[in-house]
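Sending over a structure as structure tokens; questions will come in a sec.
Here the chain labels run A, B, C and D in written order, and each chain numbers its own residues starting at 1.
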């Protein structure tokens, strides 16, 4: 995602300058810098965060670095767009929240870009607009062609893939999770089987999530919000339809890049506005959202292991994140 | 179509008895008779029409026999469901009309089954219901996988395929044709190229019809009625959708049998009611409709040859067919 | 459904004769008999079943009568098409199975008409055909405009509505259920809330079922079979599409009658063939299927009450039903 | 469109600077300049074109100014993105072509943004890729909610609306027009009726175009390319689907802005690259394309008036535009 962010900064964010590309692989950093007009490259993120010619930071490094880098940005007083997760450990998320609160201002925006996807925007608008009646359920299907790694597990489906659903569902419904139950079917091969989760919210909604990391047929993310008087569902976007050989067909994307490109651009523009104005964007995810995603994912893994409905135990929400 | 009609009588028309199967090929007749429980077989249609144990006749023989067989049925006082066309010659149609009028009652129902297709029924209902506003245009696409014969011509597309559109459009719009213009693109092979027709009606509508007898990709019939305040289009019926190999697809039929099976059943039930009650069905095609289809087809062939807009010259409509 | 069956016999089953209409309300019985040409009416079903001029019976009476009437038919040696459920009590189903086995031949066909719906037929064909790979999951959504009665409960959603899904999923997947878990969201009014069930099969599939009896927006039944290499989903059948007021729309049915009319006709034709040949139809539901539906429904109610995953305990399958 | 271009420059074209906003209404110019960060405003375009701090020009002024402003840009050696039409008069287009050829390099890119729309891009790719076989026909429907002015005429539909189709069809098919025939149905009110055109190309394709400026129901542009072995059609893009009140629906746009926003951005980025590199973009429209659109539109108006098929007489294509 680092290269994608560099490209978006260079091509879609007039007024933003890709200043430094930081990567342990300096040749790769230089390649990106050359392609997208960065001023400099670096290996050590801490020194980058400290530089005077750096106003803001985008973190797209390995997951375990998200917390320390976010903390460093807060300490340096720099705004940071951190790819999800903030951390897979709720306690680490709480630590970032504590630092952020101590700093007196929000610094961290999380890369839950689904909130900026037009389908979910229309879904939330419909719910807020009232025509669907009160929300009852939200059904979610998240399907990838194949896992990035052969040793991907069901637990990783919950901690690495499902957080996009955990976050966008909370965002659309405006609620928190109370419990989670998890199920898995059996595959005939060694690939990771899908995970199906059923979540109850504190407002009495039901949420179902299918994570199918080896769906084979395409990259396909679907959601349906069921209200008391109607439903709204994401619609697969296709620009053309082909009729051939007794079949009428549209195409799926192979991964999330094409599907969510416009969402990434919107998100990053909102981050740019955050950097310029200091006002945290209305629909962006903050550290509390990152904490919630980590907490429900942790409960989800426990539920998968135990086979039991598992409560989602959350710290009280600080006024700071209200 | 004869076998299809025999099957429909046997399987979908309780109260009707397939009495006699008449075919020049007596073995084929006997096969159908055995399969669908007919009482007898015959070679000569005239003697069949005359039999006392025959109440009604379905004509699905070669086109050139439609007029003489219809005339024989009228003469014998038997109701007949005659496959389209009544004749390709308007004068022959007028002759049947004259005989029918002389007999004092309608005897001939034409097999323009599209009128009984649910899509067109909903289209006509929407127009009559008024929500679309006044009709402005109707667009029609009639596509077959391939022609029945290699020597099929553009003129045959107009005289043999287009009459289904000629009839159902008149039926839906409730109007007559004033002029027809015809065009053909060029194919890269020896197959018959599509024909595109533009028709003006006496009520100021425009009608476009594409006949594409070698569309290759599937059997596909589409229509769209454009009104002053909205449109209604036929929707391709599919019972399932398959997601495979980066594609989401539904299937086309290979020919009209599957696509219009329900329409044939409805049509033949209406014919049965006509036989039983003597009341000509509200939506069925009669000899006047057959005459209109033949007249516009004849003008269409002339238009194709001349490359000019051609007037559709019609005899006055007898009160009998009002 | 009794009137629907009478109509189907009269209009769609040549060779079948609606002999007697039996109803506690004799005026209603006479009305149906007159409309559909029945020979006689009756109040007491036992005497009807015993009559010599009755070859076969269709049971569409209140649910609690299904077991005794099926037993009476078995005893009388008459084939019976019994609307679902055979019974809501597994023990009653076992009793009918015992009687049927003692009689030496299958007599009871259950009215799980979904098996005859074109969408499910194509789904099963795709699975058997192998292109989807091994089945992993089946997702099901069953939505009614509103409940028949105001005092409808979540338990009734499981025992009265879900059996259609319980049966057709078993049929498509060719498996039995191992466990069931049930959830309910909260509504803002007094209407029954939806029920979501997650079932594990003995072959390692996962099945989700949403029963939403007050979905408000339309009668809408959906299913998706997810295989290891692709998916197949039911497609909503619509014959026309309307463009008006910035919207492109198709219509939903208001209830199951329109949606499943063709399935009922196919099912009843298969019953007619069963009566005529004595050969139990390949895809029809038998008493074992009725027992399975009752057993999983009972476990489902227990799961809804307890909030726990509940095992589906089944008697061994008799060789007779293999 | 001027404000839209200013917005795109400011928001979507990093590296481009909105330098001067030129408008006869200086207050409007100042408003745009303030909103999008322009350096200056002006009333007289000639002086703007001449300024040293102006590298390139976007012309979105009234149609009759397109030719003189394009000529001024060529004379000043500045690249210009000129909204369609270059001129409605073929002779004016030829004059611009002459000036451009005399200058030795292409200066003018025309704003036929449809070429940059993803649907048409996929259509052209499919045709070039060969899977559809040779192109036979292209059907086009261009529908607006309502005309901008009450006195809009059928001739204006051809000269002002249809050029988008004239251009994109030539672009997709890679051909020129040979003849055009035009038809109009009658409306029941004073609004301009739709125009239907049938065009033959020099390569034997047929093209149909419906321009319906008062379609009422939505902004809806459709196209279908029919090849010898299959077809590809534009698909209506919708991000969500709503189920309410027995209807399943998606939304139409109200005008072209939303529908073609991404196409405008792509087009203007290509213009930016043209300005920076001097290399005319592969898929952009040039003055020859503008001449072709004007010529066929002129023939189309003549065809509408005469009711006759009208030849499209074109000057020979200069090597310069090959």
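We take it that a residue touches a chain if its C-beta (ideal position, glycine included) is under 8 Å from a C-beta of that chain, and two chains touch if they have at least 3 such contacts.
Which protein is which chain? UniProt says A, B, C, D = Inositol 2-dehydrogenase/D-chiro-inositol 3-dehydrogenase.
The shown structure was predicted, so the numbers you read here are calculated from the model rather than taken from an experiment.
J.: Give me the chains shared as neighbours by chain A and chain D.
T.: Per touch definition, common to chain A and chain D: B, C.
J.: Let me check something: if the centre of a chain is the mean of its CA atoms, which chain is farthest from chain B?
T.: Relative to chain B, the chain whose C-alpha centre sits farthest away is A.
J.: If you tally contacting C-beta pairs, which pair wins, C-D or A-C?
T.: A-C
J.: Could you figure out which pair among A-B, A-C or A-D mirrors the B-D interface, over half of its contact pairs being identical by residue number?
T.: Among A-B, A-C or A-D, the interface that shares over half of its contact pairs with B-D is A-C.
J.: Rounded to a whole Å, what is the gap between the Cα centroids of chain C and chain D?
T.: 57
J.: Between chain A and chain C, what is the separation of their C-alpha centroids in Å?
T.: Here the centre of chain C sits 42 Å away from the centre of chain A.
J.: Could you say which residues in chain A touch two or more other chains, in rising order?
T.: 217, 229-231, 243-245, 250 - these are the residues of chain A that touch more than one other chain.
J.: Considering only the defined contacts, which chain D positions touch chain A in the complex?
T.: 10-16, 117-119, 121-123, 126, 131-132, 229-235, 237-245, 250
J.: Using the touch rule from the top, collect the residues of chain C that touch chain A in their complex.
T.: Answer in residue numbers: 133-134, 136-137, 139, 181, 183-189, 193-194, 196, 198, 200, 203-206, 208, 210, 212, 214-217, 226, 228-231, 307-309.
J.: Flag every residue of chain D that touches chain C in the complex, lowest number first.
T.: Where chain D meets chain C, its residues are 217-218, 220, 236, 243-252, 254.
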